[in-house]
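In structure tokens below, several structures.
In the two complexes that follow, subunit A is the common piece, with subunit B as its partner first and subunit C second.
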Partner chain A sequence: MNYKKTQACAVAALATALGATSLSAQELTIGLSSEPTAVDPHYHDLTPNNQLGMHIYSMLATPDANLMAQPELATSWEAEDDNTWVFKLREDVKFSDGTDFDASDVIFTFCRVMNNESAIGSTGSSVVSNFESVEAPDPHTLRIKTKQVEPIMPEMLAGVPIISDSIVEHDDITFDLPNDCGVTGTWPSIDDFNVGEAAVGTGPFKLEKFSKGAEISLMRNEIYFGTQPDWETVTFVPVPSDGPRLAGLLSGDYDMIESPAARDVAQIEENEAFEYVSTPSNRVIFLQMDIGRGDSPFITTEDGSNPFQDVRVRQAISMAIDRQAIVDRIMDGLARPAYQFIPDEMFGAIPSPAPMEYNPEKAKELLAEAGYPDGFKVTFHATNDRYINDSQIAQAVAQFLTRVGIETELDAMTRSMFFSRRSGREFSFSMGGWASSEGGAASFLRQYAVTTDDARGVGGSNYGDWSDPEFDAFVLEAISTVDETKRSELLQQAEQMAVDKLGFIPLHFESTLWAFRKGVSYDGRADQFTLAYQVERATE
Partner chain B sequence: MAAPNTRLDRDEIVAVRQPLTNTPQRRAMLGKLKRRPSVRNSLIALLVITLIGLCLPFFAQQDPYDLTSFSVMDNRMPPMSESFDGMVFWLGTDGQGRDMLSAILYGMRISLLVGLVSTALALIIGVSVGLVAAVLGGRIEALLMRLVDFVLGFPSILVALVLLAMIGRGVDKVILAIVMVQWANYARIMRSSALSERRKEYVEAAHNLGYSTGRVMFRHVMPNSLSAVLVLATVQIASAITLEATLSFLGVGVPVTEPSLGLLVANGFDYLMSGAYWISFYPGIALLILIFSLNLVGDRLRTALDPKRS
Partner chain C sequence: MLLYTLQRLLQSVAVLFAVSIAVFLAVYSVGNPVDLLISPEATQAERAAMIAKMGLDQPVWAQYFTFLGNALQGDMGTSFVHGIPALQLILSRMPATFELVVLALLLASAIGIPIGLWVGLRDGSRGARMVMTSSILGYSIPSFWKGMVLILVFAVWLNWLPASGRGDTVLLLGVPFSFLTFDGLSHLAMPVINLAIPNLALMIRLTAAGASEAVHQDYVLFARAKGVRSKRIIRRHILRNILIPIITVLGVEFGALIAFSTITETVFAWPGMGKLLITSIYQLDRPVVVAYVMLITFIFVVVNLLVDFAYAALDPRVKLVENM
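For the complex of A and B:
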């Protein structure tokens, strides 16, 4: 809420403090477009949080550019049978507090994920809830038995940051959930991580300070097992507003910024002291409708029905929106219209999906056919500080929908409010974003589209309760199929079905920009992460 | 965009306590007001703004709140450009393709509406509370005045932000929030004027005539203690408008699809670095003129009503 005010002050301060550049070689200051909500890596599966987590913690495996798992804390793994995975762990790793890393820490992490009062959504628990048992035959070997077949276990574990068991009092740690896993003290809370006490990891940096709304400072972890990053200290300053963030870069306050606005790119290009990189991302921006409830809180229709339950209405919405106009006019060309939920080149995607047509006339006809010739009223909820140009996109969507007769009132709010209200299923119609990572198409489908099943850890974000048994069967089969070709086929079929039935309406894929001063270089990542340890010091 | 300090000190309160009747003093006051061209100009500006606000559809070529009347295809057009159907955007368009001139005119109307309605409501509440406290005295007075102290103890912008975060956005809710933070100012002033008024002989006389407390309160004490509060109110209108603009700028005021002046400035803020200055510049100017005129009129009114200054 206070961000904009802070920025206004920041701009004023910048104007006066011009020239105070910190070119000290080992310090890196990055202006973030979106602030992490916590240092707790198991709090909320949100890009800014995961990105910060990757600096402080390591995972058993890490996804490479093609999202395939590469060894990190685990040196190797193999599937002994369909339901058993064995991971060999690195032996030379120490946590930033000096304690040794071993299997006990991993088991503790799994236990914590399942004993996490403060978690929003199913962060990490979607993986761990599938574990039948976890054993450590020796301190550097893990044997995981699963309830359901999980063909992409290493990729899934790449999303679970490992924390140290030294942050709680405990006896022998075993994967014995009913008996607290051998933990005798209190489970760490989100605050324990935020103040830094519990933020002990094996990552390239350690947390120095996390001041919400102000800055996050990290220090190089000198006992990190991997390649040491180029920077001794890294400071992240969240500046959600585009103008001040760019002003901060241009005035030398930041060495690098996330997501400069596409409309400002020309200015960076003209300036010889700065460079930028643009990378197409895996993030899809989509509309989510409340389909489950017959009586939805933010819909007004004449007969009190929920129009979103009719597929024709959803098709009408999709047809009413000119995706190309959004890409051209609001995203300044730095986005791609989305006709499915993951980019065409990803695993399990429809290779070349049919473009979703923009046809307001047909949309009106479809609405009339569905029994809403005069449309209906709906309140549309969106964030205004999370995705690139989110509130602008949401306004344009409201504009397009109102034009075909769906009177759309927009309520754009700050993301912390939006996310907690959305997970409370308070909305009827909202705009979200999802960056697909591990497992390609499975990532979105299992998290958002499948009927919610906490026991299986799927559908955790299906806030609109779209439920289609036929579709579910495809996805659930796909995610337990070991054979890659077959899995890919099943996922494609599931993706096609999701597109046909429009339980969600895809809008576009973001392209991500980074801008930095000369002397710093960054390659850009499809997962949109800004990772300070991959920022290189270029020779000047 | 902080609210200006509008609290009057005690001297001024005492000075403007005299009721306005058709007396030589009144003529002198009006004369003082008339002689100042700045007052006249402000009044004219205010009058024009109010007139435009009242008969908006004649002036605005587009209804900026009607999402069907503009198109995102026309967005970020510089001033004086033309849309494909021949409409001229005198002051350009914003990020959604809204005509800035129409948006400013509608935004001004919202600002004025918020300013007037919230001030009127706060005035009614504040005057009642102050009057009741002064006339009834005792525990009720202590209770009410501690409540006033409590409200005044918090920065108004903070209270309004928290309130709006809880109750959501909308013009009505902004008005409610402003009333909640402003009524206490009136209550405080009203109480002090009424307190000194209460001890006067005519009030005692009224009591002795057997009039009820209510009648004495509203028919005798109130009219005679109102002038200070009224002067404060003229200044508070401007501060209410500023508060609304600030709240909208911070993103908790009016809905994004119904921009007020503050929200227009906030929207344009994102485009400042890319050269589309007109999106926040012109609404900023409009806001400036509006608040400046109101403040000037309020300020001069205060001076004119002060018999100690010539």
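For the complex of A and C:
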């Protein structure tokens, strides 16, 4: 009996599936490469989470293609002095539940960010914890006083999604953290957002359903203050494996997928029914060397010295690597060589940096000059499941270096091992990646290149202990300069210095790919976000 | 009987305890989850606060005893990645895996046992040899490859079935299931087949081996001599006797598939427990991995207990007695 029943069901299933693949025009289904872990916009500062958040919530400002802040919930802002920022808010905005948006919601959001028990390094807490006071002279004006100078306040606030104060019981909301800001009920938990109760925002979509591991469905927010998106419903389906995700696109399950594997691009190109877009991202892949220690664990030299301490050796390494070949052969052209640490268009970048030369002969000469005519031995550590084609890139680097006499042995490992060993400063020579954020050039420089200073909270990822007081001075001054022109100049100088002294060696910028069926179009974004409201329905 | 049950329960607790130590030490040695979880832009102070909050600044034995203390009160910890209780997270994924495995095993035994019987009773015939040979194939093709071929043929080329996901679900006693909707069934079809094929081969081989042996047993020959109809011989005498090893294997397979249908679930993006396990391992979500292994151990222990009771029901000679 079971047999018969199953057979009958299978036949029925086949029959319905035949007719079920065509989608109505206003529905969009996107296959995601990684799943958001929560709908709570302040839970965890991760690309998939932030990306989902941007559909449901709005921020005071929104980042443009080069991550500079553009008005969103705030219409304008200005720095009254180094420590005071004034934001003017839009007056025509309603939350998806119909309540009005005003300064009280923003203050409530700031309070919630600081009262977020379950969060992992709560999104926004680093900016809000710097607030001395927040006042609302009128319902649509905010005056924020900071403890330390924060020159990129609008950019930082572009990462803090605004939630509605209607989701908790409260008296008058004030930025009075010790007294719960006037909130009388319990602070919303991550579950309240996941089930949709607290997921009330001013974004272009409303949450319909979040089922972990299976799918996330969104509905158009009909009272959204901005341009209405082309889609009535959007479904995100997380499919982390590349093969099945592409199969889902080809079979018509999804209208669009994130990050198809570079090796599959040819297949998409050949197929008339599909297209793809490749957008240079702001993620740089770079080499990091142990410069601080005289005796580094994975280096073997005749005299026991650490060759990475000599700038000529670092220049030799940079010259030994053919960046263009890596981009052409390993990345299938879907990347671009990096001659600095952020894309040329971003804030504080060198406008057109001199290409780093590929010259193995000169590399050998430099090595000889530095006292290593016969090279040396080093173990090179890299991930094999974190960045696009990371293990192949690392192999290529190892071969390029071996060719000029630096005998390089590659040890590629899974990211969970790599990142904890790297933060334990175990490596002598490793390959990392970094996607620059709102700070522009400051983002990489302050985190990786400045001398580690726990009290200041800078240099946390300077695992190789590269230290240059002159360089530090430029960066530290830049990150506390409010004047944009001056900050940009300082950062450019610091970036140039980092490139000249090669404390880190940039390799290339990854490109991000999206593939979609004909009838759908997406421009791609440097910040790697997939935003359904920017996906357009092409006229066929 | 009561004493036997008690004894088995005690054994089970000891097993769970031993497993908890082993798995805790294993996940502990892999790496520090903070480096994967925390935003790379976090300052050193934020990082330290995070480590303290997750209790990772404690020595391993202190972490273990905290875990044990909470576990005894039914709290298996909170997922580092998802921020909700680990057990709740795992259980929310269980129905998906459960229906996949149950359907796959039903399919495998509904087809496999009759075919196996047929083969066993016609031992040595050409048809039987062919079935046996192809069953080796069904058993040995790697699951991920088979899955990809199924997707290629039925989803990409023929466009008959959806490539991945779970499709529409309906609530049955408050639990979401796919097998009650057409859309859900079309999503179920390929993963079920993928999971059923090796088990189908296993059922065929197991039944065939048992039947061809049983056919020559004295009680079958006697029944035949007595003039019992051959259908009745097969049903009452052969099948009933060869079911014991089949049920044992089904029990073991059920546990194993519930726990580790990881590959099938990954290939078809089926939102089950196996997919959760593999993601949690990659993300070093320690509480989920530990809770998962504990839960699976628990299921195995229970299934084994049930299998023992099923023996007794099927074979009057088997008695459940305690070891003194």
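Everything that follows uses one rule, which is that the second predicted complex is superposed on the first by the 310 of 540 C-alpha atoms of A that agree within 3 Å, B and C clash if a C-alpha of one lies under 4 Å from a C-alpha of the other, contacts with A are read in each partner's own complex, and residues count from 1 in each chain.
Note that in this section contacts are C-beta pairs under 8 Å (C-beta built on N, C-alpha and C of every residue); 3 or more make two chains touch, one makes a residue touch a chain.
Keep in mind that this is a model prediction, so the values were computed, not measured.
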Touched partner set for A:F509, first subunit B, second subunit C, both or neither = neither
Task = Identify the partner contact of A:K212: answer first if only subunit B is touched, second if only subunit C is, both if each is, neither if none is.
result = second
Ask   = Touching A:H44 in the superposition: subunit B (first), subunit C (second), both, neither?
value = second
Touched subunit A residues, subunit B compared with subunit C = C
Ask   = Is A:T414 touching the first partner subunit B, the second partner subunit C, both, or neither of them?
value = both
Message = For A:F427, using the defined touch cut-off, is the partner it touches subunit B, subunit C, both, or neither? Pick first, second, both or neither.
response = neither
Ask   = For A:R329, is the partner it touches subunit B (first), subunit C (second), both, or none of the two (neither)?
value = first
Ask   = Who does A:V239 touch here: subunit B (first), subunit C (second), both, or neither?
value = second
Message = Between subunit B and subunit C, whom does A:G248 touch in the aligned arrangement: first, second, both, or neither?
response = second
Query = Common interface residues of subunit A with subunit B and subunit C?
reply = 2, 241, 243, 247, 414, 417
Task = State the interface residues of subunit A toward subunit B in the complex, per the touch definition above.
result = 1-2, 4-5, 241-243, 246-247, 261, 263-264, 266-267, 322, 325-326, 329-330, 384, 391-392, 394-396, 398-399, 402-403, 408-414, 417
Query = How about subunit A: which of its residues touch subunit C in the complex?
reply = 2-3, 6, 9-10, 12-14, 16-18, 20-21, 35, 37-38, 40, 43-46, 118-121, 125-126, 190-191, 194, 211-215, 237-241, 243-245, 247-248, 250-253, 385, 414-417, 419-423, 434, 437, 443, 447, 452, 454, 457-458, 460-461
Ask   = Which residues of subunit C touch subunit A in their complex?
value = 30-47, 50, 78, 80-84, 89, 92-93, 96, 103, 106-107, 110-111, 114, 148, 151-152, 155-156, 159-166, 176, 179, 182-183, 185-186, 188-189, 266-269, 271-272, 275-276, 279, 282-284
Subunit B to subunit A touching residues, read off their complex = 67-68, 70-73, 75-76, 95-96, 161, 165, 168-169, 249-252, 255-257, 266, 269-274, 276
